[in-house]
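Below are structures written as structure tokens.
Each of the next two complexes has chain A plus one other chain: chain B in the first, chain C in the second.
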Partner chain A sequence: MKAAQPKAPGEEGLRQSMSWLHTWAGLIFGWVLFAMFLTGSLAFFRPEITRWMQPEIQVQPVPAVQAVETAQRYLAGHAPDARRWFITPPSDREPLIQLLYQTPKPKPGERGFVRVKLDPATGQAVTARQTRGGDFFYRFHFELETAFPWGRWLASIAGMFMLVAIISGIITHKKIFADFFTFRPKKGGQRAWMDGHNVLSVLGLPFHLMITFSGLVLFMVMLMPAGILAVYDTPRDYTNEVFKSSRVTPPQNRPAPLVAIAPLVEQAQQHWQGRLGRVTVNNPGDAGATITLVRSVSDGVSYGLLAPYMRFDGATGALQEAQDERSATAATAGVITGLHLGLFAEPVLRWLYFLVSLAGTAMVATGLVLWIAKRRQKARPGDAREAFSLRLVDGLNAGTIAGVVFGVAAVFLANRLLPADMPGRQVWEVRAFFLAWGGSLVYAFLFPRRKWRDLLAVAAAALALVPVVNALTTNRHLGVSLPQGDWVMAGFDLTCLASALVFGWMARRAAMARQAPARTAGKPRAARSETVKAAVAAAAPAATPAATPAATPAASSTAAVFPVPHEPAVPAARPQTPLEPRGETP
Partner chain B sequence: MMRYRFAVLSRATAAILGGYALASAAAACLAVWLPLGRADAVTAAQMLSFVVYACGVIWVFATRNAWRAWAGILGPAALLGGLFLAHRLAAAA
Partner chain C sequence: MTLAAFCLAYAGFSALCLGMDRHYEDLFDRALPRRHRVPLRLFGWGALALSLWASAVVWGWSYGTVEWIGILSIAGLLLIWFLTFRPRAALTAGGLCALAAPVLAVW
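Our next item is the complex of A and B:
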């Protein structure tokens, strides 16, 4: 924004001002969004990551009816006076029985929730290394490891910036179809980044829009209280009315034995012709006990936060209430949130989710790098403030894009290398993430010239080490998991290796770019039609003149998003960065 | 340069805070006026409010000058807020 006559946004054409908005809305939260996109992609494989991170657990799932019987026996013995029980039966993805209960008198300042995982075969609590597993990535994705509710607010604000960046990006982008087929990596510099950014963004555009909007909808009770308070006295009244299945029913303070839950599960599954998702028992052992059965969210896209449920009297077993059909509005909200959570997605679709989400991650990364590539072109030599902002953003880019990936690999390495019986080891796994990320940022600013090459190489090496360390510390490595067809373990290790290859390639490109920095300088504009399809070649002549006025008068203050028809021959000794920072682990 | 910075600050404020006020007003207005059940009206109003917010932000940065940017946010916000209050008064009467 150092132009001769700076103009405020909006004082030029619509496309110019939207380009300005896209540039800055994308930049401000870009690094947070990169970390959110990456950890969110990983969260689609939350149970699988947890299973990899607890390799000593090898159990077979059992049917829900049997699992609930086992769970009730355990809870009646270990938590008879708890206020609430939650039972999650095993699924195809998570073979353990997961229990959660709320103790009657928690210590001050604690909510008193106790979490237990049962082996469905023995009915005993499993003991394994302490780890947050895939939950860490899941929670980091929307809480950023920051205290409640600030992390959620920060993530939501970043999401709102993302939504604005996407919409302004679309408006800026007039030949959205033609650019889809345009990728000119050989051109190097700004144009290659531009094409890469465009392809990644347009390819997954419906997904990117959906995931950003639905992320906001997931937190709308917190974010937009005005709508609720216009009608209800408190947000709690609204959530009680909408999320009926999680309503807390009051005790009657008279003891009464709890009925067997398993037959009710059988009844519910018969009624739904579907699977059980979760059992909630309020006030077990009290005459006012209730048993709420919620259908599995994997059974339907629209079940996001509002799956069908049945509530039974805990003392008599009589059906109190049930809900199968919901209003069109509630179903719409259910589809929107269900699409975000992706729990309905079976393996093939889940991988598609993962890959498109990684494309989104790469979209954010290429956008951040593009900011640099464009500004370098315009920068006048000797402009100290400009040099400072370029150095700052470039350092944050390298330290975050390579650093977060290194951090993810560091979590997995710490999981295998920290002693399995070490107290508080799950805290150190999380610290490994932040140490790796923070260390990468420090390195990026200490060694600005070699940061990209070195940090990408470190990320690649750390990813490649994950399957190696797994082989050295467990007996569930690729040599075993592949022949056994153990696709959770094998898929994880193979994904780490594939990501390591991608990052190794990127590190190599970064090293090459550093050795041949003048490669991109001044190519004649005649070479522009290196486009892939004939259709594009046809569209190009029309598009090029149209882009020209955008770049003429005071394009200065805006960063025009379109490949300007001529490329100034300035970019000399810039460490030109490689294509497509992308990739991850399962 | 200062003028430019002030213009950006003014628009950013209009977009972020003004946009939130507009979205809140839209949520409140729709929540009471939408011809749906109480919970459904609130749910629909809240979901739509994010669309309103995004459109507000786009307007602020797309329009010619800062006056129009502010007017385009505060005018509709006042209108929607007024409609909400009108419903309140009508219900109380």
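Our next item is the complex of A and C:
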């Protein structure tokens, strides 16, 4: 890590082999990682994105005690014989009461979960357009829209490559401290991209390392099952022991009325001096009923997967068990996963998470472009074999970097443009994402010379259209949300606009770069083969002056999509599998 | 106080940047004198440490440390960005941040 030390024998060899590893580990999954980083950045604003995507829902949160009372009344009326109830009280970030219950006899092949959202003020179920909202980005981030274990495996393998790339990158970087503040876009070409890539990587290094490692830790049960298999008979035993609050308690098959939950909530909040995150009722209406209260994960850095809980007897209201402190091991795992999920973050910190995560997205993007820039600089005219690999990677770069951003904007546009009552509209929102991304890839290979300029411009235009279409189709546009101080809606629209500006600027740089080589034609450096010239024009020089900007903004623009965070997050509704992100053990 | 922590981080990075030969020469067109180097570096590290402290005072050490790391990343990226296109203004802003931090902290 230290700069300019006397070379030990063999050191150059290590650096070089690490450099090779960094280059290829980063390239192979680079495009997947770009999409994961970007959607993961958006996932920090999951509830806010969902709120923007269901503009017809406008409700105010109420205190947890009151909300739980409302919820119990609704569930007792609509699902008295359910096997389990899950109640998520409203928070400032998610002002609805979210209910989930499991019906006693689901149809074959179904798990029988029913999801309901209540207006806390009226206690009535809320209906709104069907959409996956921010959940799409959250899920895509670790499942890549691929069937159950495979998407998680693919994302995990990509994550491992990322970890390898980060560590080999640190070893390869000769002058972390000497070059700490160095960014020289005017030098152009490889140098500029290298500087930009270094700066984004080094400044965000604590975050990049943390997020990559903790992402793998979230899936440790799936990735490294050996320890659990050696100690426990079944993975379920492990889950029951570690995640006591989500244990399914058996019924006694004798009817008994359920006590009022609200007073228990009051008692728990007193005890914790904190907020309620979730209520789980097992076997309501049975003598074996239990009521489990879990503290809000936004109350502590280490509560990501394991927040303190209290369990009460559902028939008598007596406290059965409670856990406030955990072993050092569990607390460490809690901090690592909690840091990844970022649910504890208040608005300022959430924006920092988001922005640094965008810097990570830009790091991946600059790395991909750097791969091209480096080889372009060395390429000799007429070397057709070289040109093919360059064209391939450059096409994938343009089609993915601009295409995924375009895809994100397409989801939001589809959300507003598809009829609100169209059946299966949430599926079409997701299709819009893949159509936009796929279309961008096709375009990048059909028009290799114009791809960067055009695709960046398309992404910019799509982002700029989001607030416009929002204004045309809803009455919660900037003209209304800004005066009202409705920062979820306004922040979202403003972020889209800011991102559109950044992408528009990048598209302009790409266009200028495309013209530049033509002007300097005749100079030796410009005398490349046709294809190479085109490619270079599009990517390297264009980006060169804009190196970091190109990428950073790109990323940030991508990010464009985040609404202003509001208050603390409640762990969105993930009752049925509290350990969702780690992949539930089968 | 969060703003104070940010200003301290920015000021600290500015001082550390000025305390490096390359950036000092870029700005003043002369070599970095020895008598400037040590104070600049001391000030820089001191400001970064104070920034951590400021963040921890508001948020507690666990949350404050996480927030401080985020502040460092963003302050550093902003400084570098600014430095590339307006080097003098970027470092002047560092000085102003150093002056503003105590005011923000008290206020």
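Everything below uses one rule, namely that the second predicted complex is superposed on the first by the 503 of 586 C-alpha atoms of A that agree within 3 Å, B and C clash if a C-alpha of one lies under 4 Å from a C-alpha of the other, contacts with A are read in each partner's own complex, and residues count from 1 in each chain.
Everything below uses one rule, namely that contacts are C-beta pairs under 8 Å (C-beta built on N, C-alpha and C of every residue); 3 or more make two chains touch, one makes a residue touch a chain.
In this text, all values refer to a predicted model and were calculated from it rather than measured experimentally.
Of the two partner chains placed around the shared chain by superposition, neither chain B nor chain C is touched by A:M53.
By the document's definition of touching, neither partner reaches A:V405: not chain B, not chain C. Once the two complexes are laid over each other on the shared chain, residue contacts for A:A230 go to chain B alone; chain C is not touched. Counting the residues of chain A touched by each of chain B and chain C gives the higher count for B.
Judged by the touch definition given at the top, the superposed model places A:T329 against chain B, while chain C stays out of reach.
In the superposition on chain A, contact is made by A:V217 with chain B only, not with chain C. Contacts of A:L200 after superposition on the shared chain: chain C is touched, whereas chain B is not.
Judged by the document's definition of touching, no chain A residue lies at the interface with chain B and also at the interface with chain C.
Across the complex, chain C meets chain A through its residues 2, 13, 16-17, 20, 22-23, 62-63, 66-67, 69-74, 76-77, 79-81, 83-84.
The touching residues of chain A, counted against chain C in their complex, run 178, 180-185, 199-200, 203-204, 206-207, 301-302, 335, 339, 344-345, 348-349, 352-353, 355-356, 359, 548-549, 552. Only residues 1, 6-11, 14, 17-18, 20-21, 160, 163-164, 167-168, 171, 213, 216-217, 220-221, 224, 226-232, 238, 241-242, 327-330, 332-333, 336, 557 of chain A touch chain B when the two sit together in their complex.
Of all residues in chain B, those touching chain A in their complex are 1, 3-4, 7-8, 11, 23-25, 27-32, 36-47, 49-50, 53-54, 57-58, 60-66, 69, 84.
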